[in-house]
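Labels for the chains are A, B, C and D, by order of writing; each one numbers its residues from 1.
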Amino acid sequence: MSIQEKCRVLDHKEVAPKHYKLTLFSSYISSRAEPGQFVNVRCSQEYDPLLRRPFSIHRVSKDYFELLYEVVGKGTEQLSKQTIGSEIDVLGPLGSGFKIDGKKQIAILAGGGMGVAPLLLLAETLKDKVKAIYVLIGCNCKSRLLCEQDFKNVTDQVLVSTDDGSYGKKGFVSDTLLEVLNDTIGARNLSQSIIYACGPKPMLKAIADISFQKKIDCQVSMEERMACGIGTCLGCVVKTKDGYKKVCDDGPVFDSKEIIWQD
Amino acid sequence: MSIQEKCRVLDHKEVAPKHYKLTLFSSYISSRAEPGQFVNVRCSQEYDPLLRRPFSIHRVSKDYFELLYEVVGKGTEQLSKQTIGSEIDVLGPLGSGFKIDGKKQIAILAGGGMGVAPLLLLAETLKDKVKAIYVLIGCNCKSRLLCEQDFKNVTDQVLVSTDDGSYGKKGFVSDTLLEVLNDTIGARNLSQSIIYACGPKPMLKAIADISFQKKIDCQVSMEERMACGIGTCLGCVVKTKDGYKKVCDDGPVFDSKEIIWQD
Amino acid sequence: MAGLELELAGIKMKNPVMVASGTFGYGEEASKFVELDKLGAIVTKTITLEPREGNPPPRIVETASGMLNSIGLQNKGIKDFIENRLPFLAKYKTPVIANIAGDSAKEYAELAKMLNKESAVKGIEINISCPNVVKGGMFFCFDPKATAELVRLVRKQTSLPIIVKLSPNITDIAAIAKEAEAAGADAISLINTLLGMAIDTKTRNSRLGSPTGGLSGPAIKPVAVRMVWQAAQAVKIPIIGCGGIMTGKDALEFFLAGASAIQVGTANFVDTQAPIRITEEIKNYLAENKIGCYKELIGKALLT
Amino acid sequence: MAGLELELAGIKMKNPVMVASGTFGYGEEASKFVELDKLGAIVTKTITLEPREGNPPPRIVETASGMLNSIGLQNKGIKDFIENRLPFLAKYKTPVIANIAGDSAKEYAELAKMLNKESAVKGIEINISCPNVVKGGMFFCFDPKATAELVRLVRKQTSLPIIVKLSPNITDIAAIAKEAEAAGADAISLINTLLGMAIDTKTRNSRLGSPTGGLSGPAIKPVAVRMVWQAAQAVKIPIIGCGGIMTGKDALEFFLAGASAIQVGTANFVDTQAPIRITEEIKNYLAENKIGCYKELIGKALLT
């Protein structure tokens, strides 16, 4: 179950240029949140911007949860101005998150850009449940790298790539993924492995392609413009083999084989 | 001449419940501002609220000026959240203010509610120019009384009335005015006297009536909904004996005899 | 709630605050957040004869104080509604109004006939913002005569109250309201969305999956209030006002303009509690102003 | 400015960013803030034959991301314009477009005739959102035939370029655009304000001095872009886009939708530098995207 609740801001800080970590008090949401779920946040009290904005649940504690977000427009701009102690109207936890399959002992988490946001909660949740966790982080350049240390606290296998080579390997997350699958995990272990991916669509598509070729399970967290966030407006659909499905409700996490990848 | 300028917030504090004093840096505006003039302030960066909001120039110093305002809606609400050091987009100084007539040696300043805002600058400007200044302040109740001490620093004759009698005399500013005219100034001195009034329309009308009966000069600062604030949109008109006139441009200060007082 | 009950075109409601078509699904998802029994009525997402896939995404784009949508009547068809959606709604006391659309007057009539048998359905709202394929894609809502014909056909197939939902994208709302009334409509609701467009300057493409979409939200409220007022001067049947209602005060504007009830649309996305909060706010206004019943306000704006 | 010059219906402009009628007076007040020579063109406040008092205040009310106005064509008449306003504008290089309105086609024609002699006037914009007293108060803008007749009459009286300014309060913008074109208009501009209303729940009265007003600002932009696009499909004469333009990006949306130039209205109230800033923002977009001339964008939205 989910709730619409005014959550107090416990902490709010800029963790990188234009990137903020927001800690909100809610025992309801924090006790129910599952990795891959999100909250729909009212960023303004006025009518511009009007709609809520969806953000992945980044991390949870007993009584609070964290969001990690980038300022990209009006909504996130206004959100970034919320001070500690103020209250923010939050709807959550929403959506159907990553499905954890007890049989898969090797988890590969692939995050591009802000896509790392839901993966930290996933990594922390998986920590005691699987044998190995590989975290593949990709971003444009070093200055936009997020959460490296947080992931390192969970696993030794944190592999960073940057588009411009300014840190880690030069290249895309999908390149790193191929390498890991081929060189580290190896063909024998693929059936025990599972990929969890979140990031821009082209990255997800590339990863879905790889998972298809390698016959390895893969779950992707999709993004689409939302209005309601709770499944009533039919605004946030993605094309799947069973027709349009709602990102907010049927997803955001889908089996990569379900999605019809268009350009 | 006037300017559109980003002014830095030097100070911003709540001086009474929901009432704020805002100090803005601008040598341009502060060096040109005349009593009764106003500035048109952009309260939000988004489109809701969209239009600027007009505020009287409350006080000026060499490099900065002050506004005194009450939070009554969206615009003032957002304005009240501006922090020290931030920049606010201001258009000003605007309008035609109080005309100071060297021959009138007795100045009676009558302010109702927020109407005191422009009167402080007027009082401070008149201080060395006239023989006597009477300041008549009216408000609903004691908790909404503004600037009493500021006016007392200019003149000994500060007369407060409250609608509910919780402070000063019980009654309206216009009642106090009649008393002052009859009992203190006296018929002989009326031709040397002038009334400057700012406040809600019913108060201005009552004062205009008194000034008419007593044949005493009276200038009133009018309010009307504004869009441009600079005379282009024809939005802010009041009915005068010469047809509609613009509050932002021809006013806000008018000779009380010019106005056609309607209900 | 005292002072808020009404009977609109024969439909009994405990308050005049309904949820608008397409903004509340068929109630099931929303019921996790909203106490359905507190709503005046639930208007369903538009139902068509056959299932419809809807438009390609993106289907939502935010605009200044509003949003464009191009959902495109995605729904699983009338059979699915009756078999799988209606039973859930039937459990609640709140009246269900089924919103329908078709490509021809005949389709509308067929839908009405099927719904006529469903005791859980208390009224039919006809969405005429739909292209008339028979008339070569011309929209019903642009054509008073076609609208009247449609209403007459539907009237023959059902004894349920018929609400005709008008589009604002027309010159003369009063004329089409009159036609609907004359053809036998029991009420009209307005407004549906304003036709709008938003272009992405990077891709040069529509920011929606379709070229145009429907504009809703606070941005359109002044247009909606005006049209309710114009329609109210023209017809005697009750008017349901809709368009940008976010607060009780907004709702009161519509009552004063001539609406007998209102629908809350986009506001549901911003605040799941919007309809309930709005009902409370109306109640408080009545109490503060010592008004016994909200009906005393209907059409009582002091306008010439 | 390279890449921004244009000749619109024979009027040479250094950039495609004009100021919209009624939001810039006759330039004199605004000239204290805005460098008039940087504007593409100045469209005057509507001028009528005789002076008009305008509507009672309040004339302005803010709405969500927009505003309603009920100024009501307050102006001192054509003689005052020619004698007292035009000489000021004539000092600048920026073309002046005189916006006119009358109660009958004859009045429009008379105005056009008088302006035809004024060398400082480079074009005439016809505001047809005006009631046709001859036809019993029916608005010209609602009636394609009356509009066409009006344009034809005006055409006979002037060799100046004629721009017809369309109202959005109609069903079929393309139809009226075509009529205007056929009748001899050199360009059309759209949109004028949407008819709207706002009611004060305290006084139960209109929040304006008149029952209704015109809605402008960002709230209406999606409707304006859509109508420009529809009109652009229908006519060959250039289209001037207007409605809620606040930024260069907004202007670009209109170009992509099919506008050859744009007008900035309400934005002037929010930012006196809006037209100049918007021009700069367009220039920057062109530079960033390596586009030589803004005209390459006109009508180039990838829409079906």
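Couple of notes before you dig in:
Please note the rule applied: contacts are C-beta pairs under 8 Å (C-beta built on N, C-alpha and C of every residue); 3 or more make two chains touch, one makes a residue touch a chain.
Quick caveat, the model's predicted, so the values are computed rather than measured.
The chains that touch chain B as well as chain C are A, D. When chain centres are set by their Cα atoms, the one at the greatest distance from chain C is B. Separation between the centroids of chain A and chain C, computed from CA atoms only, is 36 Å. In terms of their C-alpha centroids, the spacing between chain A and chain B amounts to 55 Å.
Each chain gets a centre from the mean of its Cα atoms; for chain C and chain D, those two points are 34 Å apart. In chain D, 64-66, 217-219 are the positions where the chain touches two or more neighbouring chains simultaneously. Contact of a single residue of chain B with at least two other chains is seen at positions 47-49.
Taken chain by chain, the contacts link every pair, so each chain touches all the others.
Touching chain A in their complex are the following residues of chain C: 22-25, 29-30, 32-33, 45, 53-54, 56-62, 64-67, 69, 71, 74, 217-219, 246, 266, 268-273. On chain B, the positions that touch chain A within their shared complex are 44, 46-49, 74, 78. Of all the residues in chain B, the ones that touch chain C in their complex are 47-48.
Residue ranges on chain C touching chain B, taken from their complex, read 64-65, 218. Interface residues of chain C facing chain D in the complex, by the touch rule stated above, are 63-66, 68, 142, 169-172, 194-199, 201, 203-206, 211-213, 215, 217-223, 225-226, 229, 244, 249, 252-253, 256-257, 285, 300-304.
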